Amino acid sequence: MNLLAVERIKLFSTRSPWWCALITLALTIGFAAIIAGATPSDSQLTLPATQFGGSQFGIAVVMVLAALAVTTEYRFNTIRTTFQAVPHRSPALIAKAVVVALVALVIGEIAAFGALGLGMLMRPDDNLGLHTAQDWMNVAGLGPVFAISAVLAVALGILIRHSAGAIALLLIYYLAVEELVQLIPKIGAHIHEWMPFNVANKFLRGSAVVDGPAPSDSPLSPGWALAYFAGIAIVFLLVALGVAKKRDA
Amino acid sequence: MIEATGLTKRYGKTLAVNNLSFSVAAGQVTGFLGPNGAGKSTTMRMILGLDNPTGGQVTIGGKKYHQLKEPLRTVGALLDAKWVHPNRSARAHLQWMAKSNRIPVSRVDEVLGTVGLTNVAGKRAGGFSLGMSQRLGIAAALLGDPEVLLFDEPVNGLDPEGILWIRKFMHRLAEEGRTVFVSSHLLSEMALTASNLVVIGRGQLISQSSTEDFVSRAAENTVKVRSPQLAELREVLQRASAGVAEEGNALVVSGMDSDKIGEIAASNRIVLHELSPQTGSLEQAFMQITGDSVEYHTGLDAEAQHVLESAK
Amino acid sequence: MIEANALTKRYGATTAVTELTFTARSGRVTGFLGPNGAGKSTTMRLILGLDSPDAGTALVDGVPYRQLEDPLRTVGAMLDATWRHPGRSGRDHLRWLAATNGLPDKRVDEVLALVGLTSAAGRRAGQYSLGMLQRLGIACTLLGDPRVLLFDEPVNGLDPEGMAWIRQLLHTLAAEGRTVFVSSHLLPEMAQTAQDLVVIGRGRLIYQGTMDDFVAQTSEHGVRVRTPHTDELRAALTGQAEFTEDGGAFVVSGLDSDRIGQLAFDAGATLHELSPITGSLEQAYLDLTRDAVEFAMPAASPSEATR
């Protein structure tokens, strides 16, 4: 618990997490507002439509926040002070991952419900209630997905250590690689089914066809999709911890 | 107390530290000297468990660093004053460190007071001058009221008042029975601060001894003598088989202590105007002893001198 | 020669430098001392025309810096050795700098040799150690073979060999008739390097003169005397000078060692030691600047609150 407090102090005593959190909220909720405003009055604003901003752009910003939480420690050499204060590196780094994940979770929930709430305010007549389990997952699920993405970014940050490199890799992967994989002949579509963010989308939006981006083609059930996504993040984190333990600080 | 035995560290092909053994006693300030690239920082990092030794080990009070339960309570270290997040306040920096080792938060304000940073505790560390960063680093080292303190170039960026403060401060820490291990390039400062020296070069131990022994081992002790009867004095001293060299209006006598010179002068009825034993400087001794192990040799050699001349 | 005449500089409400007047002579190494925040860097920046004074003038060989045609040929200055693009090699850095003042590339290789960087000249400056950067910075100052040289903390980060090297270099440059103006916090180093001193505090001049005169003002001076014939010496000194005794040693003040030697001789006291105690630059400096320190350090007591 002590180490969690340490990481909490560290995270919130600098400005970048606040900025990233604000940007995530602005993107998610702002995007919902734009969609709500742009939906013609004779058609319905759907619940998934309010959530696009969060699931598409919010994740990217949250991952930037998470990666920065680690890489700035390397950049400013506070990682050495950290390891000096806590020579057992794994607990220190796990604490960081946990704190960052919790923050991401909170940001995700605020963003998702904020977006939904704004949609309801702007389109009071549309059917935006949380009726099914899938509806709930679509909104409340954003927090867990943010949290797991954050863990993935922390792991990558530990491995790469440089802010620019880690962020570039994360964003390129997130925005391009998963889509481009589908272009590989024969096996491409098959691989894509198992790409982590595609699987995460399955958890969030199921396979119902709604307007917006194509639904996930993952064969997993939403529950297993979340477990799979989390598993990948944990594997990455374990690899990162192993490397950090061996490496000279 | 710090004990290194057979400590070795290899980075790729470079042997940064090679079979280094030394011990640092409690209750004294021990200076850690060596030319650039001698392996001082690597050694410091290994003491703190930041780098893993390739061979050998280093212990603090018999334990390896990672075996210490709340290490900041045993070892305080200032390796680089700039190892602080620039957007974090001085107080927040100390708070997370205190938290990590269950040190009461009230101690944060105490150490800020000790180093005189109370007024700027809430300011971003990134806006600090080098001298203020240095003091923040010292505050961090003191946080856990540790028995062992490590400082790497602690007076860097401090003004003369700050330098004097650090010197007195180190003496005080040692008097309280703590182990104080300080690396520095400022030999004149070290001569005043450290009572013991660990000197390394090319990653190997060159000498471990008291500062006094180190200086006297290298530099020859001479005595400066002035007298209105200089020629006479010179003759009697030479007859007593002392080495005598003339320097301005004085003699520099080697191979004889000042007591003996005084006796000879008195028995020959020679008036003395000065009779000062000259001790060598730490710098001279250091240059002489580490001469072979300097990574980057230049000096105003003949060629460079020529260039300077021809540029006119 | 560098002349500051009633130099004044304000930044908003703070006055960094107030009516500062001093001269740094050619052929001498002039040390520039003062506590942190005393205005040393500001003064250097004013001399180099980087900042404009609110009042007064700073002249380099009689001309304001900004009116110099090819300034590098008149003034070489090193304010911060880390002001280098990390991706550019040492040689390339010197080449572009040389080009700004129409200096030939040949001179680049000369100064590289002078500072001992020839073998590392092709490497990216980002890979240089602080000591090497410092040497590169010095190479930059020497590029135009200037008559006036300014250095701000030139030995920062250097190892003892590097420090001795700089000391020798500065002496050589001054001996060639150049004006060498050096700021530093390392007083024992300055004591060995500078012949003249300019000391400022809170932006005002505190002292200008020679090093020897400055040190002579210090509170710690006297002569240390040891003798087996303590009674004879005590009798001889009584009434002649003030002295304190510590074991077998006397510390005498108010008489020079020549006189004490004569007194001891007349009294038949054999001398074992007769050493004038020379004050340190540090002591003299601390005596003088006591009131001019911006951020006072508290008393050196690390753990009074815990034990």
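Chains here go by letter, A, B and C, matching the order in which they are written, and residues are numbered from 1 within each.
By definition in this document, contacts are C-beta pairs under 8 Å (C-beta built on N, C-alpha and C of every residue); 3 or more make two chains touch, one makes a residue touch a chain.
Bear in mind that the values here come from a model prediction, so they are computed numbers and not experimental data.
Judged by the touch criterion defined above, the protein chains link up one after another in an open path, with no loop closing it. Across the assembly, the mean Cα position most removed from that of chain C is the one of A. Put simply, the chain nearest the middle, going by average C-alpha positions, is B. Each chain gets a centre from the mean of its Cα atoms; for chain B and chain C, those two points are 21 Å apart. The centroid of the Cα atoms in chain A and the matching centroid in chain C are 57 Å apart.
Mean C-alpha position of chain A lies 50 Å from that of chain B. Residue ranges on chain B touching chain A, taken from their complex, read 45, 48-52, 65-66, 68, 71-72, 77, 79-80, 82-89, 92-93, 95-97, 99-102, 140.
Chain contact summary for the complex, chain B toward chain C: residues 33, 35-37, 107, 110, 113-116, 129, 131-132, 142, 145, 156-165, 168-169, 172-173, 176, 185-189, 226-227, 258-259, 262-263, 265-266, 271-277, 283, 286-287, 294, 296-301, 303-305, 307-308, 310-312. For chain C in complex with chain B, the residues that touch the partner chain are 33-36, 107, 110-111, 113-116, 129, 131-132, 135, 142, 145, 156-165, 168-169, 172, 176, 185-189, 226-227, 257-258, 261-262, 264-265, 270-276, 282, 285-286, 289, 293, 295-298, 300-307.
Against chain B, in their complex, chain A makes its touches with residues 2-3, 5-7, 9-10, 13-16, 72-73, 76-78, 80-88, 92, 246, 248-249.
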